[in-house]
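We call the chains A, B, C and D, going by the order they appear; numbering starts again at 1 in every chain.
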Amino acid sequence: MMSHELDSLYQDIILDHAKRRLNAGLREPFEAEVHHVNPTCGDEVTLRLHLEGDVIRDISYDNQGCSISSASASVMTELLIGKTVAEAKPIHDAFLEMMRGKGQVEPDEDVLEDAIAFAGAAKLTARIKCALLSWMAYQDALVRAQEESDV
Amino acid sequence: MTTTQLVGLLPELEVIRADFPILERTVAGGLPLVYLDSANTSQKPQVVIDTMVDHLERHNANVARAMHALGAESTEAFEGGRDRVAAFLNAPSRDEVIFTKNASEALNLVANTLAWAQGPLRVGEGDVVVTTEMEHHSNIVPWQLLTERTGATLKWFGITDDGHLDLANIDELISERTKVVTLTWVSNMLGTINPVAEIARRAHEVGAIVVLDASQAAPQLPVDVVACGADVVVFTGHKVVGPTGIGVLWGRRELLEQLPPFLGGGEMIETVRMEGSTYAGIPHKFEAGTPPIVEAVGLGAAVDYLSHIGMDAIHRHEQAITAYALEGLQTVRGLTVLGPLDAAERGGAISFELDGVHPHDVAQVLDSRGVAVRAGHHCAKPAHARFGVQSSTRMSSYLYTTPAEIDALVDGLEYTRSYFKLG
Amino acid sequence: MTTTQLVGLLPELEVIRADFPILERTVAGGLPLVYLDSANTSQKPQVVIDTMVDHLERHNANVARAMHALGAESTEAFEGGRDRVAAFLNAPSRDEVIFTKNASEALNLVANTLAWAQGPLRVGEGDVVVTTEMEHHSNIVPWQLLTERTGATLKWFGITDDGHLDLANIDELISERTKVVTLTWVSNMLGTINPVAEIARRAHEVGAIVVLDASQAAPQLPVDVVACGADVVVFTGHKVVGPTGIGVLWGRRELLEQLPPFLGGGEMIETVRMEGSTYAGIPHKFEAGTPPIVEAVGLGAAVDYLSHIGMDAIHRHEQAITAYALEGLQTVRGLTVLGPLDAAERGGAISFELDGVHPHDVAQVLDSRGVAVRAGHHCAKPAHARFGVQSSTRMSSYLYTTPAEIDALVDGLEYTRSYFKLG
Amino acid sequence: MMSHELDSLYQDIILDHAKRRLNAGLREPFEAEVHHVNPTCGDEVTLRLHLEGDVIRDISYDNQGCSISSASASVMTELLIGKTVAEAKPIHDAFLEMMRGKGQVEPDEDVLEDAIAFAGAAKLTARIKCALLSWMAYQDALVRAQEESDV
């Protein structure tokens, strides 16, 4: 990668989130807890989801990972906590679409807000999984929490 | 024989031949090479070689694990090979395409993991595995090892006199106890094309899984893993104008996800602790260690090359050449073709006997005239035994084969007869 | 730092570098490539690439089975690769050299056949297999699978704080119940060189077999399979300037002859009947299917290339570079090297932590400056866990590495610190 | 191979022996019977050895194979039957040496007699095993017969 790409990867928003790690730490209550690993590099996240009816009341997490994966967890929780599951879906979809678009997808800032900063990571095959790790964990947790409540 | 009129030949055959540098070689002290051993291994077009060289000279790095520029390029090229193979097979998902070292490993992978599987897939005492008498050793021995080791029973379809699978006892073979039905799509010895969709349907009725050896089919026929009805389809890189060192296993996702890992090691894990490990999802679960990287890159170029020409066109070419060869061979006195005599029912490998001359001696005389064929059992001893012969001579054509090369073979066989002073 | 005086460097380093076409590449928008990921995979000299191309363009054919001119040439080239590898390892017999697809398959081959062996070799309930906490996943997971599946017990040597094997409990680990002792010669994470001959001696006292993972040793040290005392030694082609798709298993003849086959298929048989088969002698018994032909040819050229330069000279070069790197790295504030700090005790892979920056981010910044290193667990999660870290950054040198490249790394690390605004 | 090499492979002596197959057929008595296969091509030989003291009284065989392997069995039996084991040894050694010499070993006609005709086969990697098959079988049978008589 070239050095201007480096700067577009490590935007201030990302470095800032990586440092502040909003909503980090594992909290109670929760309906689902999942543990996801990036087998390639070993990055890990344990993520808990707490729903109240349709509303995402809390997403708490404990992660070991690079600045991209830490920042991604931080941004995600900031974006999704407080929203309904239905409201979260288009944001989640847009994030996945951007990350899997190999840098070809023009992200919508109105939907993604701070998460738009990961557009630089989307261009780097090796970093896509870093950015996706907590988002995939959320999706998995959501499925489990919903299964739970169906029982 | 007049060869100009042959219907179905690839239109730009000379252009295609020019893609294969080895075809310019001379052998036997200056004679042009007549390579009729493509069922053994195919020759490689320049684009496959160049793609591999470019990878080695400019993009070489290990995959998945590397974060740097070369690592990203190499990973993209390697995974691009998987995408190309998935497209070649019409696979529903690229994750269902697993790279092995050859077709043999792919077949062993299935046989081995069925021994260690938990639940209904596990093959054990009392279970039946069905193969056929027409198989390559690579689709017999793994199942012998599996059934011997687990106490299961191996059964097999026989062969009819005209070289087809004998399906007369299919109800007995495919029964409630049958866990696996495995067969070759196209025989490497008899050339026979088997009715795979029909057999797969029968196997699925009893809940057996169907493993298809497409090693000879993939070079010659359009392969659609969904349409063929199998659960697992394997083939080998070096027979589809790709390099050695790589084979392909396609499997239905649900099946692959239920099978335990085969080889353990780097890349196939999710997490490793000394006390125990968990495994990655497919395809990586089945790809332990550094994969055949430059080989996957070369295989990707190979299947693209074939697809660009068109598998339908290649199939028509093979049928035209095969028909022409069947006709020519039968003009040779004392020559008997093993397997179906109708080119429409078969692939491009033709095994035959020449009365009074051992296949080695046939091949040796042909070699002195620049004609390369295979002599021996072609890794199909049971099929030879079925026809009461111990070995045979086999010619096998491919997309670069010309009618003139078939003429050279037929002439060479006449010469062989005279060399050994047959009347 | 002044680099001109470095004792032990290969004398004609620029000439050697010119042998590796990829080293002329630029990355990151025009910067020279500084490839410090050779423990992951090595780069390939022109002679290896050219030898493979010549084989594909002029001699390609399947081996063993083919009687024709190309078949003879290809077989000779392939078996010539085996001869070269046997010489490289100082193997008593070429038949003891078996080609696998990589080191991982070689290790799985041993683990698998021990599960199915008859007689005293068989690993079963109550038996103990000993590995170490320092292994690559490829030398852990196969033994986990073996012991889980057979009811045997897996035990392991731990690691001391300074990155050596902890042999304190050797008597407990290597006991009468121990059937296998397996370990890495050189650690791919810590760089540690292990006292293999001593451990082999102890293992042999209790009648255990000794399996040595030489994946990181073969590129760097003169390997003598007899002197090292092991029963099995494995390594992988792509780390010794050879191609991917090939690995090597050397084993003592008596052991290999007693082990049952691993994969079944073409080439590994003596005779096949539907009712049962018998198997070929070594090495073929363990080489089912079409082997990695062009890969063996390339590997032969690779080990010849290394031998021509001299493994002793390469080892000295690695030690000089490693010493220089250890010194340079320790000038970087907040940097901690994992593993021995004395270059004489280690190989050329150096893993380290940089306080306050995750290894991925280190590697990313380095990549933007053209420096290629590896970040992650390097397929050695247990060794990382032992040091309480989840991942690390690893630089690894090889015979083409220059002191100036180490300088570029050290500069890059300083830049990384400033990029992430560490004080 | 070139056509003059073809003629040096298929010398008249060889074609003649391949046709006549001296001493073919399995006979009694015998002390050892072995079955050898060339796994590559499937050629097979069953060979029986009958010793009387030190003397090779009979070598009988049944083979399936090419002209080279048939002729080789025929020539071998002609050369070895009637000799003592000790007299046979240098002939056997010389044959192996010639066949494994990749065409570089100058064979000694005084020792090898008709077997010298296999010098052409020694140059062809693929045919060496054909020529050696029955010789290896003899060696194996000899070991077994001697073990037998030691018991």
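Criterion: a residue touches a chain if its C-beta (ideal position, glycine included) is under 8 Å from a C-beta of that chain, and two chains touch if they have at least 3 such contacts.
This one's a predicted model, so the numbers in the text were calculated from it and none came from an experiment.
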Chain of greatest Cα-centre distance to subunit B: A
Chain centre separation (subunit C, subunit D; CA means) in Å: 44
Distance between chain centroids, defined by C-alpha means - subunit B, subunit C (Å): 31
Interchain centroid distance [CA atoms averaged], subunit A/subunit C, Å: 37
Subunit A-subunit D separation of Cα centroids, rounded to whole Å: 75
For subunit B, residues that touch 2 or more chains besides their own: 28, 65-67, 69, 71, 267, 269, 271, 360, 364, 367, 375-376, 381
Set of subunit A residues in contact with two or more other chains: 1, 40-42, 124, 127
Interchain pairs in contact, sorted by label: A-B, A-C, B-C, B-D, C-D
In the complex, subunit A residues that touch subunit C: 1-3, 5-6, 9-10, 15, 40-44, 64-68, 70, 124, 127, 130
List of subunit B residues in touch with subunit C within their complex: 21-22, 25, 27-28, 33, 35, 37, 40-41, 43-44, 48-49, 52-53, 56-62, 65-71, 100-105, 107-108, 111-112, 116, 133, 136-142, 144-145, 148-149, 154, 156, 236, 238, 243-247, 261-269, 271-274, 276-277, 288-295, 360, 363-364, 366-367, 371-376, 378-379, 381-382, 385
Of subunit B, residues touching subunit D in the complex: 28-29, 358-361, 364-365, 367-369, 375-377, 381, 384, 390-391, 419-420
Residue ranges of subunit C in contact with subunit D within the complex: 64-67, 69, 71-72, 75-76, 267, 269-271, 280, 284
Subunit D residues within the subunit C interface of the complex: 1, 37, 39-42, 124-127
